[in-house]
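Shared between the two complexes below is chain A, which has chain B as its partner in the first and chain C in the second.
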Partner chain A sequence: MRRHGPFLTMALYLGLLLLAGCHGNQAALNSKGIQAARIERLWWLMFSIILGVYVIVLAWAGTAVFRARTHRSENEIPPQVDPIADQRMTRVVGVAIGATVVLIFVMLTSSVVTGHAIANLASKNPVTIDVIGHQWWWEVHYEATQADQTVITANEIHIPVGQPVVIKTASQDVIHSFWAPNLHGKRDLIPGYQNALWIEADEEGTFRGQCAEFCGHQHAHMGFFVVAESPEKFQAWLAHQVSTPPPPSDPIAKHGEEVFLSHPCVMCHTIRGSGAGAKLGPDLTHIASRMTIAAATLPNTRGNLAGWILDSQSIKPGNKMPPNPLKSDDLNALLTYLETLQ
Partner chain B sequence: MSKRLLLAAAALLLAGCAREQRNFREATPSNATGEGVQMSEIAPGHTAERIPNANPYEDSAYSVSEGKRLYEMYNCVGCHAHGGGGIGPPLLDAKWIYGSEPQNVFDTIVEGRPNGMPSFRGKIPESQIWEIVAYVRSMSGQLPKDVSPGREDHMYSKRPEASTPKEHPPQTNVPEGQKQK
Partner chain C sequence: MTPLEQSGTATAVETSRLEKLERIWRDPSGFWGWFTHVNHRSIGKRYMVTAFAFFLAGGVLAALMRIQLARPENHFLSPDLYNQIFTVHGSTMMFLFAVPMMFEALAVYLVPLMVGNRNICFPRLNAYSYYVYLVGGLLLYSGLFTNTGPDVGWFAYVPLSGPDFTPGKRADIWAQMITFTELSALAVAVEVVITAFKMRAPGMSLNRIPIFVWGMVIVAFMVIFAMPAVMLSSTMLLMDRTVNTHFFNQAEGGDPILYQHLFWFFGHPEVYIIFIPGTAIVSTIISTFSRRRIFGYTAILLAMVATAFVGFGLWVHHMFATGLPQMGQSFFTAASLMVVIATGTQVFCWLVTLWTGKVILKPPMLFALAFFFVFIMGGLTGVLMASVPVDLQIHDTFFIVAHFHYVLIGGAVFPLFGALYYWMPKITGRLLNEAAGKWHFWLFFIGFNMTFFPMHILGLRGMPRRVYTYPTSMPWGNLNFLATLGVVLMTAAVLIFIANFFWHLKRGEIAGNNPWGASTLEWATTSPPPVYNFAELPTVNGRDALWDALPNQPIVEGLEEDCRQVLMTKVMDADPDCRHEFPGPSPVPILAAIATSIFFISTIFTAKLFFPTIILVGITLLIWYWPKRQPSLRRKEREIWEQ
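After this line comes the complex of A and B, so read on.
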């Protein structure tokens, strides 16, 4: 027994380390919303039941092994059956079966109750966001009563703290799955079919999410951020996103706009106010206001943007953006222009 | 003996992999698109015979399906519909106003043509144009069946390219140097 001591300790520490992985950002055991909290509670309930069962079963098995070695009389042929011990075992097995049924019933019931409780948040006037999956990025629309007030952005979802938000999901190509574990469980994005899920954040913060349904080459690099902020900050952000950026005044930025409009960029991207209105790639109207590019793959810096424009295939092989070898002057101007799109 | 035969057959199967090979890093300078496109039959000095370019993407099923995707994305459907034509001429039949060779179709996309076909010079990377060319030719059955797309991603508007019978366009209106011998 002593020999196994260090291994057991190590296994325990390793187990604890694994648990630590559940606690950062993008973690289901670090709930920041009422639904995630319910899911987390369910997780801990199931975990403790399963842990208890596991320990009891192992202890039982261990006892059996230990006793088989000490009571050699039981190995006599023919085996001696002790009627009292036999009756006792029947009772024990009966209780174990009963307990199993009860525990399974407890887990089943709590699972159904949790599922029902998180299915929707009653609210008459929620913030409504359409999330459309693409290979391999997220298109985000904020619905408005007037069409020209609709905000279109990508890979970054701002929500007000303490207000129910309904997210309607759809897909352009294959099945994706929307998963921000700090706020809620997964919801599939299915082509030709609209799903919806409700989320509500309890506190401010930036929570990473990820596509949770294998969708091709760059599935692993299909991330997004949910930014939960105070309702005032959210409204200010929304109002800014609705606005059309002013035309570039700086001559370099002006040249950058020309580069954008005369190169393949214009075939796929929209920049409101510039004349570029294609909808194949992410809307770039306010690209400089975003934290990341390439679906939460790279921080949004000038250098990363340059690398992405020139040869995105070396960063996310297989993505739908072709390489764009630009002359250095043109690239520089284009970057300056994109940086004005706050 | 039969084992060796089996191994040889298995090795033969590997040859099929090229059909699905995907090259993501086709670096092509967008500002050089369409260099060397010849629109006129006459040229100063000695006219060298032009050897028609083979389309490097016509052997890859992946490239042809990419061409099919881009054909819709870049709004070729806007005028040519799904091959039946509308504002622009149909692409399913044997009538090719400016020639049916890959180079002819490439030139048409890069340069545009009178009466409505816009020039996509500089707007579409060269590799993608070649993919669209491959797809356009698959619409009238010019490509091998194992490379042509076998199904639609949406509602069927026509027979899949892989089961389209091959049309035999006559070599009309092809500049002298570009005619296939």
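After this line comes the complex of A and C, so read on.
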């Protein structure tokens, strides 16, 4: 056990590593986009090189210890000196260093080439999306030539499959980092700097992403979803998001709108068509069409929404939304109203 | 035994001389005497004990974090507390454990012994550096215990750590803790450089300095160049927070990226400051326990120098995700990869040393060999980080957490435990228990891998760093649970070590001068050495001082023995240069340290106290530097007078 222990553990580990990471909708080695695929290829190249080196070095060390091991005590063995053997070994070390240099050049070249390839995608007319980081949610704008065609949503990014998308990042407060590993690596959102990131999804699917730069209290609950769908579905979604939802017709929802407008909600949120236009919190114009609330923290269900409105601090302590102790019929009406905002 | 080794044994004729030496070099005992110590071994032991205590504190914080992360959506720690804990854990391990232990404690204790002299140079500065470090550490923990622990990460990126997003005193405490610890590291760096260059035993020319001492000198130079950058950035941060400067305020023309450049210009060399002592320890232990001189002395030395140089040219690989220009990033990829050549050279030299030697598997050697398994894995995963595209995926994920724990625990903690087993006889005079040492080793080794290996996979599966919890829906729960289990084994291992330590104080085998048959000068004196280190100052005849010693290796004679006189030698060939008198015990260092602490801590709260407190520091420095006539001069004058 003593001698073989490390090697068995190592073999086990490496086996695990080979199998790992290859699944999940937030995994770097499960690429669903051209950029992530290029990075994944580079990863496997570099991984096999370092794995090879690791195995060789450990085998060398293991053999060395095994063959040179002695049970005599220190003072019984005079210091060993064999200049001829040392000279021979100098050549061995020279060759080993030479091989290291060659491997480094392979990795350097491939990494620079990949770096160039993922920097941008050639496209004249990409879909342009602004992503603005907030503590602790994502504001998403779809740019349009006319101001009133701009779509503003939050924590959910829809993109068409097979089309290049450029994501322009900015931050409203501290540094965040945009990361949807199935599509691409990270890009920091730095106040005062605008960065751009190109992505393109190969297939339909819902991919999760998360803030990757520590941004305070609720860094852990700052997720988002990227929904890759066919261009037709994407256009339909976009058109729907542009539209202003119709004013509520049934009396309960109408009461809900009044609750929204007469309570602190209106101080931070926008619902187009209702008169609420504050920009501190996420735009709620089409809240009911989203899959999750609170930056991918909870599924968007009536119960979760109720809990969130009443006491968001117990769900996501430290977030910027105050508790709203509503009477139960007010709350019900508000929820019904929000559910109409498809 | 060579005559050199015998020199530690007193003969009857010499007894009175040794008693005299003892009287001259002994620091006062008693409670008040404790604060006047200037002996390098006394200060070195304090550094070791304090740094180890901080290691335990940091370990407890780590265990708390692992309990919180053991299962998804856990409510063991609140996000506020978790953020304080991970910040204080990182800051403790980097600033209060790793650098003070790997550099300050080991260098202060061992370098004067290894170059064969009686004390470290600037002994009062040395004492001062310890008190400053201690206050810095206590400041951080008093913050944590009063719920003002910093919560912005050990890197404290602006604007999150700036006045707008972290009101209160949390970030200020962090920034001043940096100033304290870096000041003490800088002081020790200066001492180490001068001690190694000017106070070596005659005959120890530059090409005969033990690799361990070279390692410490190289680290000292790195400290001198790296630490000012972080002192600057933390002071600028403090000024942004207390006197409304706008260095990092982007709205007023400041730049948050500037902070990152300054921080990582220090932060990356910091890692090398931590593991170069580790490699120096490994070189020493491997040489001793392979029963041969180290293969490729010059190559190892140049590799360490190269690592230190290149270490200053690759900080940007911490910032690839900020979107800097591509050409520039490629430069930093190349620089980061170059480190592999230097480290590889060292590894190959060790492998050859093992291959052509006779290997004895005592606990120090086990820890040195674990270094191969652990540190090399960390180094190789580090290669992935050098590549911009791959880094964009693994940056700030648990993969990085795994990587740098493999590098830092592999490169520092494993060698440190090896060093403690190896050098403990020179500290306490007794050997640590070998069987307990093996238990300690295997439990720590298995527990370490259990905790940190799964984190590679977690990172690849998308788990970001510094999250206080994670959703149940993500496939991260089992591996996190496994990681937490590993902590149990590591805790057991460290407890065994502590028990072993207390056991050996009373019952450990008496070591004798040179229990390992090692080659460096510290083994030429008794274990533990007398307060004057060497009864006769040794001379050196080769790279491995004890192995190369002549049968009648000469000793140094002619030093005054009624004052703290030491021999200074020339930089290149260590030819005797002059005799120099060192100051004796003094309360000035602690007074200056108290004044400095008042100065630093007051600036956390108000800028108004800046001038009054700096004047206070000035007064203590005036006392410190007040011209004194040296005792030997006084004595000579008295003799002339009496004649």
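Assume the second predicted complex is superposed on the first by the 305 of 342 C-alpha atoms of A that agree within 3 Å, B and C clash if a C-alpha of one lies under 4 Å from a C-alpha of the other, contacts with A are read in each partner's own complex, and residues count from 1 in each chain.
Heads up, the rule we're going with is that a residue touches a chain if its C-beta (ideal position, glycine included) is under 8 Å from a C-beta of that chain, and two chains touch if they have at least 3 such contacts.
Computed from a predicted structure; not experimentally measured.
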Quick one: classify A:I84 as touching chain B (first), chain C (second), both or neither. neither
Would you check which partner chain A:S111 touches, where first means chain B only, second means chain C only, and both and neither mean what they say? second
Greater residue coverage of chain A in the superposed arrangement, chain B or chain C: C
Classify the contacts of A:P325 with the two partner chains as first (chain B alone), second (chain C alone), both, or neither. first
Is A:P264 in contact with chain B, with chain C, with both, or with neither (first, second, both, neither)? first
One more residue to check, A:P317. First (chain B), second (chain C), both or neither? both
Under the stated touch criterion, which partner chain does A:Y193 make contact with: chain B (first), chain C (second), both, or neither? second
Touching A:A147 in the superposition: chain B (first), chain C (second), both, neither? neither
Share the list of chain A residues that count as touching for chain B in one structure and for chain C in the other. 317-318
Touching residues (chain side chain A, partner chain C) in the complex: 5-6, 9-10, 13, 16-17, 20-21, 23-24, 26-29, 36, 38-39, 42-43, 46-47, 50, 53-54, 57-58, 60-61, 63-65, 67-75, 77-82, 85-86, 89-90, 92-93, 96-97, 100-101, 104, 107-108, 111-112, 114-116, 118-119, 135, 173-175, 177, 179, 181, 184-188, 190-193, 195-196, 208, 210-220, 223, 297, 317-318
Can you list the residues on chain A that touch chain B in the complex? 262-264, 266-268, 280, 311, 313-314, 317-318, 322-327
Chain C to chain A touching residues, read off their complex: 78-80, 83, 152-153, 157, 159-160, 164-165, 250-251, 255-257, 288-293, 295-296, 299, 321-323, 326, 329-330, 333-334, 337-338, 340-341, 344-345, 347-349, 351-352, 354-362, 369, 372-373, 376-377, 380-381, 383-384, 386-397, 442, 445-446, 449, 453, 456-457, 460-462, 464-471, 474-475, 514-519, 544, 547
What residues on chain B touch chain A, complex-wise? 22, 24-31, 73-74, 122-125, 127-128
